[in-house]
Amino acid sequence: MSKILEQLATAIIEGDIDNTPKLVQKALDEGLEPLSILNDGMVMGMNEVGRRFKAGEMFVPEVLMSAEAMQAGLKILRPLLVSSGAKLLGKVIMATVQGDLHDIGKNLVGMMCEGAGFEVIDLGFDVPAERIVQAVKEHKPDIVGLSALLTTTMRQMAYTIKALEEAGLRDKVKVMVGGAPVDAEFAKKIGADGYGSNAAAGAELAKKLVGAA
Amino acid sequence: MEVHKVNYEVNATPTLQILTEDEIEAIYFSSLRVLEETGVRCYNPEGVDILHAHGAHVEDKNLVKVPSWMVERARSTLPKKVTVVGMPDKDGKRKYRMDLVKNSAYWGTGSDTPYTIDPYTLKRRRSTYQDVKNLAIIAEALPNIDFFMSLGITQDTAVGTYDRWQYLAMLEGTNKPINITAVDVEGLRDQLEMAYIRLGGKEEWKKAPAFSLYIEPVSPLSHDPIVIGKLLFCCDNDIPFVYTPCPQAGATAPCTLAGVLVQALTESLFGIVLSQLRKPGAQVIIGGLLSQMDMQTTVMAYGSPEMALLSAAYTDITKWLMVPMYNTSGCSDAKMFDEQAAMEATLNTFIAGLIGGNMIHDVGYIESGLTSSPDMLVASDEIIGMVKRFLQGIPVTRETVPLETIDQVGPGGHYLGTDHTLRHFKTEFWKPVLMDRLDWDRWVKAGSKPMRERVHQRVLEILQAEREPLFDEKMYKELRRICELADERHKGEEMGIGIV
Amino acid sequence: MGAVAEPSGVSQTVGSAGTAVTASTTGTAVAAYTAVMVTIKIGAVATIGAVAAHTAVSAAAALTAVTAVTGVLTTSPASPTITAGATAPCTLAGLIAQAAAESWMGLTLAQTIAPGLPFFMGGVTSILDMQTMIFSYGAPELALAECGLTELAHYAGIPLWNTGGCTDSKTLDEQAAIEGSFSVMAAALCGGDLTHDVGYTESAMTGSLFQLCMMDEAIGWSRRVTRGIEVNEETLAVEVIKSVGPNGHYLRHPHTRKFFKTEFWYPTLCDRHNYEEWSAAGSLPMRERVIAKVREILETHTPPPIKKETRDVIEKVLADAEARVKSTDTKKK
């Protein structure tokens, strides 16, 4: 691996938000391909972050800094990748369902997905099914992620999936769900595509759902 | 010599103090500043109107900024004591009484866990009506449990009206005071109806409420419309309520413990101000499950020292404010009842007892509040017993320092047969129920059992014991009817998705 | 009185550690103190004196040998293992008074022989379980009495040889966790200076590496509590709260980045993973993690070696002692 890509991976691991885009630019100037800069440099760095986090060697705030560095680098690369026709990881819409104000879990998943290289659109909390449908129409995401903390708001996940079906959009997106009272069985019952038990699992699931893992 | 002289000061019990008065004031005045300058989001228009009408500033429709003088005024009518009394027994006596006031300590369970540990299979699964009832039965039988919260969610009933069924299950299991949850104002109203039926009339409730309501703001600084609706209903109907946040340091609250206290106090003060405006003298309990997001696993830590420390520090603040405290103990991040559950419960129960935490909830919680464990509940009863022994302290009197007896026994003698020992050993020594104090040979002969087996045996004993129903079939039908009517009103919403 | 160790920092009310536990007031401590002095006056019987003197002389001899090598005077604890209801009054205040009397007998003797010798008082203060007749190492009374004794000791200006982290349990189980953690926390809160018996199980009949390892976690937990809560402009974080605002979050805030490592204690044996991750890793109860950690330490940890000169001296002392004992045995034969 070239030296600059190694430096880039290190910048990601260290969560260096200022240096990462500079290194990306330097790599481009040296003639490296955008896709290679992404996959052989930045993604390698994030993979190491994931490994260290799982091993208990890195902590959430550090992982989020790496995710921010990832996004800072991606800001330069994204238009280049799009114009070259390369397949980006994709878009995720995140929302806490209607009637529920809790969103720290959802926020964390969103940030970890950004770390994985996704573009994340966060609709916030207390989001009615109709607004989610609207957002899907507008942003054409690959994944919709829904979060709920209460058994009484869990049902909104089912309503939302139904609303997507009725709008003829269900087969255009993958739906993943999460939250304290949610489990894999419930996800299956309501016809979701997957369940993430925590933020890291959610980001992994997202990668899997777009065929990148 | 004289042990008791003039102007003689005594510690009747041990004392624990986390914050000095100056530190409490620093936190309090910081909270006032946050409430006044940053403000909170209140998504209930009625609540916003009340606050605005009485002097608060409102921006952007629901950003409410409350000036300090409104807090001071609210404090002047805020009750220093909240009393909740349980249901009547067969003789009509309501014998379980909780007087929540500074330095009184009452322990109870926690509410609404999606999962429970099956007492027969020991497997973790979704909780049901029968589980809530079983756990209430266990709580009723445990001497150191003073109040009950559901330790489960009734997920084999309709979803949108589960709260009424849950309350029925709790009433079937225990007469002790209950801290309920409610889906919304309608659910709360139904449960109040049920309480009136169980009490034998609304007048009995006026003498002393039989339940309190648990509601929480969302950290940071956010107040849900339905929650505020329930708050106002409580004020209008003499229902004491617990208004406590669950901030996670580093995630939904500042990473520093002092910062968590500031934010949490701001959130609860908001509830206090609104309640006193709606009804001067409305009974409020504040505190919370204050903890951190574990930065290695992202889990909200129920078994951490920070949780215990924050709860204790907050208790110092509520003593200074003279308002009852909602404390937390007897809970763990362990996924089963094991040494970790036992250790964390011991450590946080000890702290909660020492600080004198009023309404100490969540006993029986494992898996960071997602699962209830009957074994954990029974074991924690034993732990509370140990803590209570410690809280009795060491009285120093002529009788407890028996110089004459010491002299009589003399060097090389013993105290086994002395009158002094006979007088005191029964009250001086705590008697364990679940701790094994046999020597090795006898323990081996008895089966070499680890504690969890004794604990589990006790769970089964309680569940299998003969018991009379707490109320008759007629009353059961009346109570059940409220639940059924609620189901009927909401049947269109279920979508045929059972959770269990 | 003898040399005094630094009083523990637990009772400070200024700054970070704002915890204080008292089981009795100074007034009460004076009462116990005076009672003890009276006891010594009355109870100075030849038997005790002789035994104590003999012990003190032997102790002094051993101390001299070690002192010669290391050049440092070591401390001598005088700590009874004292049983309420059997070898001491049933009531804890009486137990504490007698324990102190016994310690101070040794103290007086030691100071007479070697003035200024550093000294610990203390011991294992507990009860006789009146049903099973064991000296209980897990009873809450043990922790409570130790706290009371600590306060008396500190009042007298003497450091305390404390007890904690022990249990009556015969195995590595929940009782061991409960009883050990209870006395560990009590020890941390009262600030009894050296807390020994961590790792004792089966009422001190069995020493357990597992109990020792498990208690390390409880000690870490307790120390986080006695560290307390620091209250200052930065920790009150009013500006941080303002910048995040309602419905925001703190995960990316520089304030969080600054404090997340130091503000929180991170467990090593207590598991905080969610259910799915814990299941995937084998659904282990804590005891399994404790056992694994002990084995890992035994297999991988190498302590720093003792200097050869030191080793030689110790082996000589041992050899001389063996020879002396063997010759006494031969004489008996």
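The letters A, B and C name the chains in turn, as written, and every chain counts its residues from 1.
Rule of thumb we're sticking to: a contact is a pair of C-beta atoms (placed from the backbone, for glycine too) under 8 Å apart; a residue touches a chain by one contact, two chains touch by 3 or more.
Everything numeric in this text was worked out from a predicted model, so none of it was measured.
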item: Distance-to-centre winner among chains (Cα means, whole assembly as reference); value: B
item: Between B-C and A-C, the pair with more C-beta contacts; value: B-C
item: Chain whose average C-alpha position is farthest from chain C's own; value: A
item: Between chain B and chain A, distance of the C-alpha-averaged centres to the nearest whole Å; value: 38
item: Whole-Å separation of chain centres (CA-atom averages), chain A against chain C; value: 50
item: Mean-CA-position distance for chain C and chain B (Å); value: 32
item: Per-residue multi-chain contacts in chain A, two or more chains; value: 59-61, 101, 104, 108, 198
item: Contacts with 2+ other chains: residues of chain B; value: 218, 222, 250-252, 293, 295-297, 299, 370
item: Residues of chain C engaged with two or more neighbouring chains; value: 247, 249, 251, 256, 260-261, 274-275, 277
item: Residue ranges of chain A in contact with chain C within the complex; value: 59-62, 64-65, 68, 101, 103-104, 107-108, 111, 125, 197-198, 201
item: Chain A contact footprint on chain B (complex, rising order); value: 43, 112, 114, 153, 155, 159-160, 162, 183, 218, 222, 224, 226, 248, 250-252, 293, 295-299, 370, 493-495, 497, 499
item: Complex contacts: residues of chain A adjacent to chain B; value: 53, 56, 59-61, 99, 101-102, 104, 108, 126, 151-152, 154-155, 158-159, 162, 180-181, 186, 189-190, 198-200
item: Interfacial residue positions of chain C with respect to chain A in the complex; value: 247, 249, 251-252, 256-257, 260-261, 274-277
item: Of all residues in chain C, those that touch chain B in their complex; value: 13-14, 18-28, 31-32, 34-35, 38-39, 42-43, 45, 47-48, 84-94, 96-98, 127-132, 134, 136, 138-141, 143-145, 147-148, 168-179, 181-182, 185-186, 189, 202-203, 205, 214, 217-218, 221-222, 224-225, 228-232, 234-238, 240-242, 244-251, 253, 255-256, 258-261, 263-267, 269-275, 277-279, 283, 285-287, 290
